[in-house]
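The data blocks that follow each hold one structure.
In what follows, chain A forms one complex with chain B and a second complex with chain C.
What follows is the complex of A and B.
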């Protein structure tokens, strides 16, 4: 059920109506049922995977909770008789015991994800290797169907379990409530990845109907649909044409494709997130922010703080910090100082985990070499950024370059945008070698004339469509700049006179109806991140 | 309470304004189509005022002129047909039509009983019929069948065609654009005639037994026609099954259809067979638009003979002196004016 379909609108309407008509005490039960109906409608076959994750994480969470409670009691009783060393040993033993619960649960759930998402990739590469060395064996390849939102709900539930393991909060002891947390229908498809301590309470409490909130939610959904149907899917026509025929469209076309793909991907993904957030808002639930004007970022790390925020935060909390602060990387840091000197050695516990995180973010996007290359590309940029941060600062001081002015910020934004767009070529091109070919073509055959001599009209959009794309992208940019300056667009709009507001609302609705890319003349395109 | 009332009032007002703009925009961007217009204009006929309903696809749409029959015999009729209309649409249209009218006779053109209909390829033809229909449970039924066969087509776009034609904003010359709402009243009563055509000739062995078996009746189409006949029988409305002149027709097809009619217990009239053909004495060089359709001259000739046949066989009423049918005289004047030889 696509977010931009009538079925979804009808589903949300029925879900919200039944939710608000349910007695307050049982509203969470209605929400739980609605989620499961939604997931069931996406494909009954997928259900087993969701149930497996729900049950294993729930049981592991409860077990860890029980162990912690018992440990606390036992420790409190024995504390007086233990010296410092014994206390440390006690703690170490208990951590080991907890790991005996945590690690199998993680392996099981990441195992499902790995098998469904990466088995064939690994198998195909192994087969290629076996063939190369003329070994007469073959890894069988299966056609797995990826369950809806598996990457998102796996990460969400695993995050919960690690937090319980860290005793950040008590585990959820009601299975149905826990299942509700894992399966909230607006966010299960493509995020944002929710945190238990932020999301669960909102799901379990009896939210009441609020006209203002529902209105804001619907407005956000419209805005998301506008970004998806008017901007992203229209931009997608150009992107598909150029990336589909890299031999035909080289040179400047590659730069156009990379830039337009940036617009498409942002419109597509953030549009989907806006619809999810708006739908949740209708039900009284505030999802976490997943985007913060990423193309206004001034550096690559800044970009990743603004793009897919919940995924970045997940990797930061559950991969980067545990790695960076681990004993192993502390030792690496110490040894590094001896070998590479103080500056680099001190950075090693940060640099290597950063690299690992971006490698993982790369493969999270898909089981293809190009995503691994994308991870390395970003990891390399970030590592280089950290390494050269101080030397560059000194250089700028030496040349008296002002960094507290608008022009410097503009330079930073454009530089970051170009680097991001180059990264997008890697993920969108048919393969790593194709992306290398395209980048080489862009750098060696630059021909700016195509931008003014009608060359853009060869890309599948006519003049009117190009104008719509340009104008709607400018609307998106304007809104982004307003938000960046701290203006809350919906709240500001709600304070205007009725006539002005209604003109804006109607213009927005009819822009969507008239300029949206949907219907038989276009190929229906699914949300890109739904596939991750 | 006061606050809630204010919210409800605002929502209703917003919805009304939205609907007005939506409807107006739909009229600007609609794909103008004679067949949709004629199907829609049926709703303007006073209730229980039509004596004969003609249902089916393009041969009946082009070949039968209710106005010629009115002028000659005095009974009222309406053609609710469209080009390449699948039998499922015919059934839905018939169901809907019988909610507005209780005719003395339903005439069904059943040539498409041999066709396996391709909903994916024929979207344009489906829309000719469906864009003219009001939203009703019958339209829902038809569209559900279509969307089940082709998931690219949506219920919403059939109920509100703006969702189908929205991209026509690029084709419209907004400086000179005018809304083209669906036609409210028709002087042609569903007939969409064609002028001219290429002079044709019958093949030497046209309608002679060839020894080659007729194609099998399509089961889905057969079911639809059976349902249509059953519906009429339930309402005590006689059904006449017909085949109109068509050069791409065979004796074996005619016999197959005749046998089906017998099986269903209804009359069958084949305009390409023996006596009727000689009585009609159509001139292939003058009366055909193409191999499958009459042109205006042919349709007038055919309608004169057919009107006479129907009047005699079914004893249809003559309303020509009935003042309540004054509009039919005015419509005929318009028809006569428009169909004058130019």
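What follows is the complex of A and C.
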């Protein structure tokens, strides 16, 4: 059930109606049932995977909670008789015991994800190796269908379990409530990845109907649909044409494709997130922010703080910090200082885990070499950025370059956008060698004339569609700039006079109807991140 | 407190540590700063800071960092 389909709108309407008509005490039960109906409609065969994750993480969470409660009581009783070293040993022993519960649960759940998502990739590469060395064996390749939202719900539930392991909060002891937490229908498809201490309470409490909130929710859904149907799907035509025929469309066309793909991906993913957030808002639930105008970022680290925020935060809290603060990397840092000096040595516990995180973010996107290359590309940019930060600052001081001005900010934004667009070529091209071919073609056959001599009309869109794409992208840019300067667009709009408000609403509705659909037989394409 | 302030100022001379009470929430300290800071704190105060301690509430102000250090020293 695509977010932009009529079925989804009808489903949300029925879900909201039944939710608000249910007696307050049982509203969470209705929400739980609605989620499971949604997931069941997406494919009954997927259910087993969701149930497996729900049950194993739930049981592990309860077990960890019980262990922590008992340990606290035992420790409080024995504390007076223990010296500092004994207390430390006690803590260490208890951590080991907890890991005996945590690790199997993580292995099981990441194991499901790994088998479904990466088995064929590993198998195909192993087969290529076996063939190369003329070994007459073959790894069987199966065609697995990825359960809906498996990456998202696995990450969400694993995050919960690690927090319980860290004793950040008590585990959820009601299985149905826990199942509700990892299956909330607007966000299970493509995020944002929720955190238990922020999301769960909102799902369990009886939210009441609020006209204002429902209105804002619907407005956000419209905005998301506009980004997806008017901008992203239209941009996708150009992107598909150029990336589909890299031999025909080389040179400047590659740069066009890279930038238009940036627009498409943002419209597609953030549009989907807006629809999810709006739908949740209708039900009285505020999802976490997943985007903060990423293309206005001034550096690559800044871009990653603004793009897919909940995934970045997940990797920061559950991979980056545990790695960089581990005894191993602390030792690496100390040794590094002796070998490479203070500056580099201090950076090592940050740089190596950062690289590992980007490798993982790369393969999170898919089981293909190009995603691994994408991870390395971003990891390298970030590492270089850190290494050259201080020398560059000194250089700028030497040449008296002003950094507190608009032109410098503009330069930073454009530089970041170009680097991001280059990264997008890696993920969108059919493979790593194809992206290298395209970048080479862009640099060696530059011909700016295609931008004005009708060259853009060969890419599948007519003049009218190109204007619609340009205009709607400018609307998106304007709204982004307004938000960047602290203007809350929906709130500001709601304070305007009735006539002005309705002119804007009707313009939005008609633009969606007129420009959101291509002809009678056109179907909105799937959301790109739904596949991850 | 003086030792802590010295560590912080050495790490990020551009940040106003005495007045800013939202060091993490305002984005003034990023994850790289936190990791470098944790390394320095562990060495200076002979404590162990784990990933579970890395929450904004423990790093938002000098006072919060000091409170965490004291708590971990007592543990």
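The working rule: the second predicted complex is superposed on the first by the 524 of 532 C-alpha atoms of A that agree within 3 Å, B and C clash if a C-alpha of one lies under 4 Å from a C-alpha of the other, contacts with A are read in each partner's own complex, and residues count from 1 in each chain.
Assume a residue touches a chain if its C-beta (ideal position, glycine included) is under 8 Å from a C-beta of that chain, and two chains touch if they have at least 3 such contacts.
Not measured: the values here are computed from a predicted model.
> Determine, under the contact definition given at the top, whether A:333 touches first (chain B), second (chain C), both, or neither.
In the superposed model, A:333 contacts chain C only, not chain B.
> So, does A:513 touch the first partner chain B, the second partner chain C, both, or neither?
In the superposition, A:513 touches chain B alone.
> Would you sort A:464 into first (chain B), second (chain C), both or neither based on which partner it touches?
A:464 sits against chain B, while chain C stays out of touch.
> Scan A:292 for contacts with chain B and chain C and give back first, second, both or neither.
In the superposition, A:292 contacts neither chain B nor chain C.
> A:301 contacts which: chain B (first), chain C (second), both, neither?
Only chain C; A:301 stays clear of chain B.
> Can you tell me which positions in chain A touch chain B when the two form their complex?
6, 211, 462, 464-465, 498, 502, 505-506, 509-510, 513-516, 518-521, 524
> Under the definition above, what is the set of chain C residues touching chain A in their complex?
27, 30-32, 34-36, 38-39, 42, 49-52, 54-55, 75
> Quick one: which bits of chain A touch chain C in the complex? Just the residue numbers, please.
By the definition above, chain A touches chain C via 87, 91, 166-168, 301, 305, 316-318, 320-322, 324-325, 330, 333, 346, 349-350, 354, 386.
> Inside the complex, what are the residues of chain B that reach chain A?
The touching residues are 7, 10, 14, 17-18, 21-22, 25, 123, 152-157, 162-164, 166-167, 169-170.
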